[in-house]
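Next up: the structures, one after another.
Each of the two complexes below includes chain A, the first together with chain B, the second together with chain C.
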Partner chain A sequence: MSARNFRVAGQRLPRMDGIGKVTGKHVYAADFTLAGMLFGKILRSTRAHALIRRLDTSRAAAMPGVRAVITAADIPAVRFGQAVRDTTVFALDRVLFMGHPIAAVAAVSLEIAVQALAAIDVDYEDLPAVFDMEAALKSAVLVHPEWATYKALPIIARSGNISGRARIKAGDVEAAFAGAHRVYEHRFTTALQHPGYTEPRAAVADWDANGNVTVWTGTQLPFDTQNTLAEILDLPSSRVRVIVPGIGGGFGGKLRIGVEHFAALLARKTARPVRVITTSEEELTHSYPRQATVVTLKTGVDRDGHLLARQGRIVLDCGAYAGSGPATAAIALQVLAGPYKTAALALESFAVYTNKGTSGSFRGPAGPMANFAVESQMDMIAADLGLDPLEIRLRNIVHEGDRGPSGEVLRAVSIEECLRRAAAAIGWDDRKPAPGRGKGIACGWWMTTGGSSGVYVKINPDGSATLVSGAVEIGTGAITGASQILAEELSLDLADISVTGVDTQAAPYDYGAQGSRTAFSVGNACLAAAADLRRQMFAIAAAQLDAPVEAMVLRDKHVVAGDKSISIAEVARISRLSGGGLIAHGTAISPSPAYDPGRLENHPLPAWNTPSFHAHAVDLSVDPDTGTVDIHRYVVAQDVGFAINPTYIEGQIEGGVAQGIGQALSEEIVYQDGKVMNANLTDYKMPTALDVPDIESILVECASVAGPYGAKGVGEPPCIEPPAAIANAIAAATGFWLPSLPMTAEKIARELRARRK
Partner chain B sequence: MSFDLHRPSSLAEAVALAGLFGPGARFIAGGTDVVIQINRGKIAPAHLIDISLLPGLAGIAATAEGYAIGPLTTYRTIERHAAFQGPLSALVEAAAVVGGHQVRNIATVGGNIVNASPAADFVPPLLTLDAVLDIAGPQGDRTVALRDFITGPGKTSLGAGELVTAIRFARLAANSATAFFKEGRRKAMEISVVCVAASLTLDASGTRCVSARLAVGAAGPTALRPERAEASLAGQAAGLTSFRDAGRLAAEASSPISDVRASADHRRHLVAVLVERALTRCAERIAGARP
Partner chain C sequence: MNKQPMSLLINGETCAAEVEPGRSLLDLLREDFGLTGTKVNCLEAECGVCTVLVDGMAVNSCSTLALQCRGKSVTTIEGLSRDGHLHPLQAAFIEHGAVQCGYCIPGMIMNAKALLDEEPDPDEATIRAALAGTLCRCTGYQKIVDAVAAAARQMRAPAHQAKMAAGAGGA
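Presenting the complex of A and B:
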């Protein structure tokens, strides 16, 4: 099938969940209500690191309307976690951060639940705490003194406050530095950023008479949530059913268990359904924001600006529990290498514990932090060598067949096209069009996360098809995209496809709405299911049409063999009479590319599947006195392999850039002595519609081998380059780089004044 | 939270209810501050007296000496008021940057004033107009200057049961203009890091300052009038030098705090920059309005 003949795939069709969402009919997790439902609230620590000397829930438990109060003493003693099993539902004898759950209450109203929290008595004895991630590397204060007893993935290297250390090494860095024309060293810092989903984390749990629990929740990973709940509840996973009614955004902040366990535990204790929803304050003190990092880069170049060697270190602040920190820090190493050829690499990541809220893997985890460092430094090097920033990149980028940082062979490499098209679109020839105005460019690469997907596809007797998937439509249009592929393969219209809701009890497994993989992987599973369905339909049609299977194709909702045809609907009806109906199980898995294990140490994601390439360019002005940045134009050239639905890819690009602009200029969860100073949406500054310009998307289509019709992962990359592109444009406008996110007007104004003196 | 909601049908009834319930009662109009304060546990009133439907307290009237703004007037109404689009445009500029569209459709000018936030955007332009407030209360009616009314962060001279009934100010002299500037971390839904209003009157030739009034928000416990800066302009040639000096004096007069939004140092710097800009904009406007 050639792209030119597509009827459904590649078309700008409206998304299947669109009307329900814009009319308010769509039910989100936070809307979900059951009769007799109780309201759960969580008591959280007011100390950053302290022993719990006394915890007395008796006054709260005795309050009218309170149905249950639970603490660590009331639940199975389980430690859970992804890379490191270090996490507990409630603080045990010690609180590890301000906001640490200590107890939970279920009451007949939210108001009574809140009042009951205030009636729980806690006496603390403060302990020395460690807040600074670099200090934590060597601190005598251990967030987890018992770390060595925790179970962890075998690949993870741990020690004290270090919950994970990984390395990528190639060549001889020291020798290369010794022979370099110049060597540059810089340090960059990035801040905690909340994913900013519209719907708070919400879950409703209900136990049936047989001791099975159903949880309705806005999770990105229903099967992972099912497993984690089973561990926490000490049940076989089949007795935990997770249903995702709808999800009001996630961006990686709803990958791991959020409030589901509190709802399930309270529901078990009360024998009533319980709903738990987070407040804005809870979101900003205890969710899974993008980790803060410190990145140091040392890069050696020859006199023409060719990269000879890079030594890089990223320290990533996990907060009190490892969460996704060890993997996120390791992923940063591929980003630190960049889409560049560098013979000698010595890259190292540290994920560290501190006495702060646990952070997580927000969209493109580690991508923007490491890219900010690499791409800022590329421009600094270009400036020092008198090279154009575009030119230094073109001299160093990878090309088809080059090796990536893990020694893998790179295919479908399009970074040059992305760079050239972004530069052309922004008007790179006139890079400093006016005083205080400048243009910046940044590029990068990213993976399409693997993991398997299964789908069931059923052909109905009216000729339509039902797609049963465990993949969550997180708002990207990914399920619409996969359905477009399915419709294409079955010669149906998109309107002929219906999708069932996500339910772990009925749906085949899916690795989840993460890592730019849903449309890619579910799309591939749909291809496989459609191939199976064609075989089934052709076998039935062969008898009906008296024609050989080899001559058959699907066309306009019919099985066609020469001048004979039979409708898909008729085939489906015949199948019901004879064979139980048409149904197929399609599966997909993306194998990891071959790589050189000798380059890697303790890396849980050693080589990237189906990498994508992208370049961003921005044109902005900096107010010479106030430091305020005003973005005029923003261009993204992103290689998507094949644009399954260009409209929703553009939506992904626009949303990702908006988040990137927030990270670049305004967003930061500010901690002071372990306390969040801006735990509200007044002082946590996400950009508004007025802060985000129209974003111009250029969809580059350099087909991949593994993706459906050549598609590549799309969702995460748009938020990776904005901080670097904006930093470089600020530098073009002002002459200096700010190595610290967010690049607030205050920081810029201070630097402008310092330089004026 | 729980409270009794009262909906008086007259001003007298509202004042009587407030007198009856005393400190346990709060007036509520748009609710854009009161509801947030309740939700964040900062206040817990037992009674909310909804004044949003009281007759005669919304709208803008031209008076013999100038204008009277009803306290229930929304920012949207201010933004669109034809008579404020000329020399009084600082009122429009300040109203247009309060919150976002939803907030401006419901939030009231009176609420912004009695809330007494040091960062209230609408207060500085009113201060430069020497606005006065008419107040009704259990002890009768009174009139107070806005600059005397706000006494500290969240504090006013409003007595128990008292209610602002009008905000009044005089027309500007000939050859006058106003301007408002605000700095924050984003362009909407933003609490000012610093905001500045200026009202400038030039002589008939349009070259020399006759008088200037300045007001600075979010750079002290209340919005302030930097009097030395104002005085420094009288009789001076209108231009960069005198405006910059005024900015410097205004910065010296301010006493900002450092908090999560900005450092005191940055705020002081912004005061100087914005005062200079506001005065420059006023002078441009006066020049632009001249035949």
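Presenting the complex of A and C:
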């Protein structure tokens, strides 16, 4: 595909929203203001698990400047949630975690709203709490004693504190273990990681005279937010309009409703527009961070290091509500299998409630956690058998036509090329170049999430095109990429394409900015719309040029038939006079591969669409005294299918690796007895410009069948392998693996000291 | 509540305001003057997205009192491009793919401007140290560092120097 002679697709063109963003003109949700707007604040629980004995808002409500105080008693009694409908807007009679919303205030200034929160009286009676996810599996303390009464997706298996259990099974693991040369068992833990978007979650809500509400918000999923708001407000969804002005990052943390419902409920109560923005403390105590997990792996191999069987279990801490936990935990099972051929698999996931803030689906949900376990253990096995880490992977990886863990046939498999190119680039032949210095490698696979996309494309009388889409440009450049595809197909330049903002009232449906799918899926919808527009234009041109449609092509902004041609602009003008203008509705849905249902139990995402393959290699040093890790070089070889815009794909890789380095070395939301101990951006340590090395990107193009021009999903994979690649390089440098994220300098130094004794 | 009159220069224009003693420069810029290019996030001087220049120095406007800027010259992202011409830093950020979600970019660019005004020929380590006070979660910083280095090269070039001397374009 990439051999095709493209003019626009595949080119390093500047993004369409760049000028607005460098001049400060691009409006984000947090910038949005309406006349007469009030400011909303949320009162949050100071106890981890307690009965609310008394809740008195009268002093707050009487304060000058306070326009409304609302609690659970003032709003429809609704439970909502993605997999499990377990979530309420406010705590009912019981708070389930520190930070649990209890009440909300709207006031004429932020200062007054904050003062009003302090004037709300709450008496608590503490209850026994459960904080440890493994203890929660068997604890008598139930976070949701009424769990059995909740509605849930039929596929989800629940019980007590378990909000979702899924399995993948193939072959006979016990027999395979019995016949194995060696069997290895390891346990790994990973920590809570905040998505770290720089724009806090923000929403402005306003009701019109007819009882319709409009919400301007930085959400990744405008249509999901519209539906959830409709449920919470007890309205038909057509009366809820969600507009996304601009969004300052999301990374999965802005998928599910954040502050939109507080703004909408307060605005309804006050009949005034209301803005709600989160603080850093709220972000680090009640947002949707990457779940903490415990992964146990038991792997049997033959004498030559071939994988014979794997038993794996991931326990994932959802916090107080299931959120995306059940699906995230299930996705981990495919990652636990890895891009490897293993005849016998017994993989099991548990999503578990605890008395902590709800977690979410941060970029590549469950990917880095499960990959850290699998790829660390691959190196441990290699070391034990005296094999090179690259070699043991090459002996086990999948190839074209092999079956994946769900029994699906794998196509466009490129893992060998990724591994070999990453290894060559890092200089794998010299893996331990100096004392305290080592190189590590890790590989993996990931899906391109399905879900449908619709677009309208309109040809304007000046020959330009307008793309109307409900897809959110979250920052990846996905909409620029989709527009490059559209321009290519219509023989236009990228500058000829303009994009309207996201508005659920006006735009066709899109499944949302999630799952590495936007450029892929919107790109495919643009292909479909362009095909329809070509049909419409050729029909008009046929009459004008007196030429058969079959002979026509689009070239250089003209419909061309042999030596005759007419400009697209002219065709659009004719269409306006005769047929209401040129407009097309393009749609796309990612095809699901066939799989073996007998291998799966209670798995909401049974087989991966259009998987991508990738390998990371890193060269680093470990300070023998402080344990500080200094990364010298970092190489990523990622199969992107077709590089729609290499610049922004590199941007995805560089940014994803930076997040992965944070997860690997420094980032953790630290809980102690249900309380977050580092709820600020000094003590929650995200990488700065001084902490991230240059990342060398190798774009592998093994064309997919389903993606536009062969493209595969790009956005999530780069953050999956860094923890494992870095763990393996640390092991090459020091001789030991740390099975616990983050691998802080403190942990490394402690281990170095222990080994010196 | 005890408002005090003040005036200051914002992007070269004299501006008057009545300001409570506790108000931040960030709040003044965004709420009173509609200059929302300066972004809001942590409000604790930890993330740097609110960076502006006060008398040429990069500061976190969230943690600078508005009244501290009485009589001073404040430059925000809106003050960089003139007459539709992007500042070399702005152009380089676009050219080098340094912009993703864009939310940290105004703060990054103001930080970079303060650096280049003081050190026109910084090496990579100097650029990284200067930008370390502003968090970016999208880019991994690499293309931002590249963009600042490229802008520095362009601003040192004779053509740009001549343009600056003639008083045209770019602050």
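Keep this in mind: the second predicted complex is superposed on the first by the 753 of 757 C-alpha atoms of A that agree within 3 Å, B and C clash if a C-alpha of one lies under 4 Å from a C-alpha of the other, contacts with A are read in each partner's own complex, and residues count from 1 in each chain.
Here, a contact is a pair of C-beta atoms (placed from the backbone, for glycine too) under 8 Å apart; a residue touches a chain by one contact, two chains touch by 3 or more.
In this text the structure is predicted, and so the values were computed from the model without any measurement.
K.L.:
In the superposed model, which partner reaches more residues of chain A, chain B or chain C?
P.N.:
C
K.L.:
Which partner does A:436 contact after superposing on A: first (chain B), second (chain C), both, neither?
P.N.:
Neither partner.
K.L.:
Taking the superposition as given, does A:628 touch the first partner, chain B, the second, chain C, both, or neither?
P.N.:
Only chain B is touched by A:628; chain C is not.
K.L.:
Counting only touches as set out at the top, which of chain B and chain C does A:581 meet: first, second, both, neither?
P.N.:
The answer is neither, since A:581 touches no partner chain.
K.L.:
With both complexes superposed on chain A, which partner does A:750 reach: first (chain B), second (chain C), both or neither?
P.N.:
first
K.L.:
Name the contact category of A:670: first (chain B only), second (chain C only), both, or neither.
P.N.:
first
K.L.:
For A:657 in the superposed arrangement: first (chain B), second (chain C), both or neither?
P.N.:
Only chain C; A:657 stays clear of chain B.
K.L.:
Considering only the touch criterion stated at the top, classify A:501 as touching first (chain B), second (chain C), both, or neither.
P.N.:
neither
K.L.:
Quick one: is A:474 in contact with chain B, with chain C, with both, or with neither? Answer first, second, both or neither.
P.N.:
second
K.L.:
Considering only the touch criterion stated at the top, classify A:461 as touching first (chain B), second (chain C), both, or neither.
P.N.:
In the superposition, A:461 touches no partner, neither chain B nor chain C.
K.L.:
Do chain B and chain C touch any of the same residues on chain A, and if so, which?
P.N.:
Residues common to the chain A contacts of chain C and of chain B are 680, 682, 686, 688-690, listed in rising order.
K.L.:
Per the contact definition, I'd like the list of chain B residues that touch chain A in the complex.
P.N.:
1-2, 36, 40, 100, 183, 185-191, 193, 259-263, 265-266, 269-270, 273-274
K.L.:
What part of chain A is in contact with chain C in the complex they form?
P.N.:
Interface residues on the chain A side: 12, 14-15, 17-28, 30-31, 195-200, 246-251, 277, 279-280, 474-477, 647-648, 650-651, 654-659, 680-682, 686, 688-690, 692, 694-695.
K.L.:
Looking at the complex, which residues from chain C come into contact with chain A?
P.N.:
Residues 30, 35-44, 46-47, 49, 76-78, 80-81, 86, 89-91, 93-95, 97, 99-106, 109, 127-129, 131-145.
K.L.:
Taking the complex as given, what residues does chain A use to touch chain B?
P.N.:
Residues of chain A touching chain B: 111, 625-626, 628, 665-666, 670, 677-678, 680, 682-683, 685-691, 744-746, 749-750, 753.
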